[in-house]
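Each of the next two complexes has chain A plus one other chain: chain B in the first, chain C in the second.
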Partner chain A sequence: MNRQAPQRRLAAGLAAIVSLLAGICLGACVNDDTTLYEVNLSGTIDVAEGEPSGGRVHVEVLHARSGAGTLAYPLRPITDLELDGLGEFAESVLVPMENGEGLVVYAWLDRDGDGALCAPGAAPEPAGIIELEDFPAHELEVELVLTEPCAGPEILYP
Partner chain B sequence: MIISSLLGASLLLLAEEAPAPTARDASAPLEAASTDDGAAPASSDTPGNARVGHGRGPAGVPATFTRSTALRARIGVEPSAFEGASGVSSEGRWLASATAGYPWWGVRLQLGLRHGLSPLVEVQTALARRWRPAAGLAMLWVNLPRLRIGGEALLGWLFQSGELGRRGPNAELRVRIAAPLRRVAPYIMLGSQHTLLADRTTVIRAAGEERSWSLRGEWTGWGTVGVAVPITRRVGLDLGVDLTWVDAPETIAIPGAHGGIIIGGFRQDPGASKKRRSRGKSQSRTQSGDAASARAARVMPPYAHTGASLDPVSGGPSL
Partner chain C sequence: MLRRWWLIPCALALTCGDAEPVGVVIDGERIPVIDMHLHPGDWDGVPPDTQEFLAERFPWPFKLNPGRLAETTLSADGIVRELDAAGVDVGVLFAVYAPRTVGIASNSLVISAVAEHPDRFLGLASLRVDDWRSDASKELSRLEDALGAPGMVGVKLAHAHMHFRMDDPEYFGIYEVAGRLGKPVYLHTGNSPFPGIAQAPEYTDPAYLEPAIAAFPQTIFILGHLGYDFVRDEIGELDTCIDLARRYPNVYLEPSALGSAGNDPDGEILLTAFERIKEGEVIDRVIYGSDGPQSPGFVSDYLQRTVTAMEGAEYDTEEIRAVLAGNFIKVFGAEAGR
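Let's look at the complex of A and B:
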């Protein structure tokens, strides 16, 4: 018994030292510590009644605000999506939590299929934006009607 | 421009250096070693045999010394600044150096062992934002009268604060080329520094959190052209131009410069210890000690052939 006690203390001490070193190593090892929040977006994107509805839909997911103080700015891009057309959709997005606050979805309809929002001599392409007030939440509903022709997100927000 | 000026100055000094660098001071009489222990006089024309006798050190310090006593001490007696230039200390000697400049600062300690090996520790920083403590081993590969080539391997940890914060294990390989002359030792140091950076990604899903790790590397190339200048045998200066490329090739290289001080010494007073050890021993033992001295002359790395002096008071080498 008496012989085992010092050995146990030694083993416990060694385990504590190893744990401490491992903790320091892990704590001192991390460089970029990124936290991504998964958001499942679902809902519908449409145009006003009577408007032409052909073409692909370009969607941009953005932070509503980013930065702090005098360096704060709106609409920091997170990711781009491309939908086959208007109507219902469901997409998953990973939102980096350190880069900004709030979540905004902007979309426009690419009627002529050139990949660019409007162009000289081309027909107007409708756009729309919506801020998802319920963020952060894993399931978010999007109901967006594209009504503003040739408008970028910076014009439509806030 | 600065580098080319330094190189030009070094070449001029090389051209003006008439005597072999084994004689650190051309003004010193090239007497054969005094034979206080009965050892054979040393030949002055071979690297392993120093020209010794009575003379003045590089700093003009009057001194007397015998090669045989230096051999018994089994230590090199070169100015510390020269050992700082080549990055390797001779057996039994220690060396400390501190450098300051833009952007690099550093502190280094090293100890000379046998076979031209020198374990070392150093702390390097750039503007107090990037820190790299490291431990390593230096080794002398080429030891010619006017040329020293050595290598160093270091393992450490990188800590960088600020927006571009970095931390992780770090390894560095260096090659040092030094040309010890009579008064100065120009040197070039090339380094390749590698840091392993670990990133952590946490994905928060409705079902729970997922955590994953990934690794990436950072490479820093290093080049220094400098000159070590002995002030005394113990103390010297280190001046140099640094060209470092941190996180190459994704960044730009920022040139810098540094100035520093080199201080060297002995782990113990070898002369005194030898005296203690030999006290009371017979003459035959003394003669066998001379034989040991002769053996030491063959294995003594790396600066035994250089001129030096022994302190007349302590009996140890006078630096």
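Let's look at the complex of A and C:
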């Protein structure tokens, strides 16, 4: 049987506790780095000619793809924007590069101002989506025409 | 009216050498229990963001090794242990395809678990909708195949987790398949605190399901979580759920998760829900589920909380029997209810 003096056992016990705590802290406290890539989006969001054009525009910027293997999926949200109306716009977004690949812009026109795309009983509102093939680049142009009534991004892409 | 009731754990039954007395006993009468909402799975099928989210919520010291806890609790044998401890006769396992949020528990995983414990489990199948424009027919065919496996009695959907609008007719083929095969569809309603959830109302508010409910009268729609607002911990869209159940005979309700100790420490939320269900005269549409196993003891605790809430809302024995098993058997068939 292996015996130790009380002081040595105490010291060994303390060392074990300190090691355990350090291990837990290292496991819990190390953060992954995130690289934020600035992208200036500019261009035009519009509806087809002759369509009603009043209302605010809700914009979502998304990664085209995220995850790996069976957990891969399209359209990981990055950020939301709200524009005063259709037409020209310019906005900057920070893209976390580790979270996915590719860049997609989805938008819909809030014609009735209720903040919801095609709420039950409401008139149809148009939506559209575009993948920005030149990403990654700091300056990207967006030309998007909203033509799809009541469509969420998921049914428009890929 | 306050009555005495007991949950009779299977462990006690085994100790006494009698395998029969499981379920809930109210006024001396045994009421069987079917828990229609259970999640099997494996830790590797959970996305990294959600692993972190879950690990933060596991009690210490389990959070030091969350993968091990999850693997133990979410395995078929682990869930059977939870059912035994709770006195639940039959549990329904959900397949899930939600790579953005909670991850994947495949149809084959559920089918295997049901085959492993055919006397204790039934299963709901699901499908991927990530690439619907090109994969719809293939996915619907896979769903049909999964629903043909023994013990697979219905379909599980979660629009907020899977990111598709509740009212988008492009996806209505799922309800067509379910109705044609006589397989009820369980739908997550209300929002969710998990990372990656689509929180907009068209993905969470059961009002958006009405076009599908109306278009597929032969399909049973079970509105999970009663439209609860898990982000703000509020009742949420309960009244919408009750209204839909009153107006459509193919709508049922399921009260899982909202009454957990974390969401509802004093039981007031679940009590309010069961009171409103009674006021709405739709008790015959409520099917019990817990949303377990989550962590050891959750399945048992949720059953106790539910019975307490029903007693608080003055449900009589027959009404409690209907919620805990009778309505499930009515919807899924006597064979499914065994």
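FYI, the second predicted complex is superposed on the first by the 127 of 158 C-alpha atoms of A that agree within 3 Å, B and C clash if a C-alpha of one lies under 4 Å from a C-alpha of the other, contacts with A are read in each partner's own complex, and residues count from 1 in each chain.
Basically, contacts are C-beta pairs under 8 Å (C-beta built on N, C-alpha and C of every residue); 3 or more make two chains touch, one makes a residue touch a chain.
If you're wondering where the values come from, they're calculated on a predicted model, not measured in any experiment.
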Quiz item: Where does A:E49 make contact in the superposed view: on chain B (first), on chain C (second), on both, or on neither?
Solution: neither
Exercise. Using the superposition on chain A described above, determine whether A:C118 touches chain B (first), chain C (second), both, or neither.
Key: second
Exercise. Name the contact category of A:E154: first (chain B only), second (chain C only), both, or neither.
Key: second
Quiz item: After lining up the shared chain so the two structures overlap, which partner does A:H138 touch, if you call chain B first and chain C second: first, second, both or neither?
Solution: first
Practice problem: Could you say whether A:A72 touches chain B, chain C, both of them, or neither, answering first, second, both or neither? | Solution: second
Quiz item: When the two structures are laid over each other on chain A, which of chain B and chain C touches more residues of chain A?
Solution: C
Self-check item: Touched partner set for A:Y37, first chain B, second chain C, both or neither
Solution: first
Quiz item: First (chain B), second (chain C), both or neither: which does A:D84 touch?
Solution: neither
Exercise. Sort out for me which residues of chain C touch chain A in the complex.
Key: 45, 47, 64, 99-100, 103-104, 129-134, 163-165, 167-168, 170, 196, 200-203, 207-208, 210-211
Quiz item: Which residues of chain A touch chain B in their complex?
Solution: 28-38, 40, 94, 97, 138-139
Practice problem: Note which residues of chain A are touching chain C in the complex, please. | Solution: 24, 66-67, 70-76, 116-120, 150-152, 154-155, 158
Quiz item: Mind pulling up the chain B residues that touch chain A in the complex?
Solution: 157, 159, 165-168, 197-206
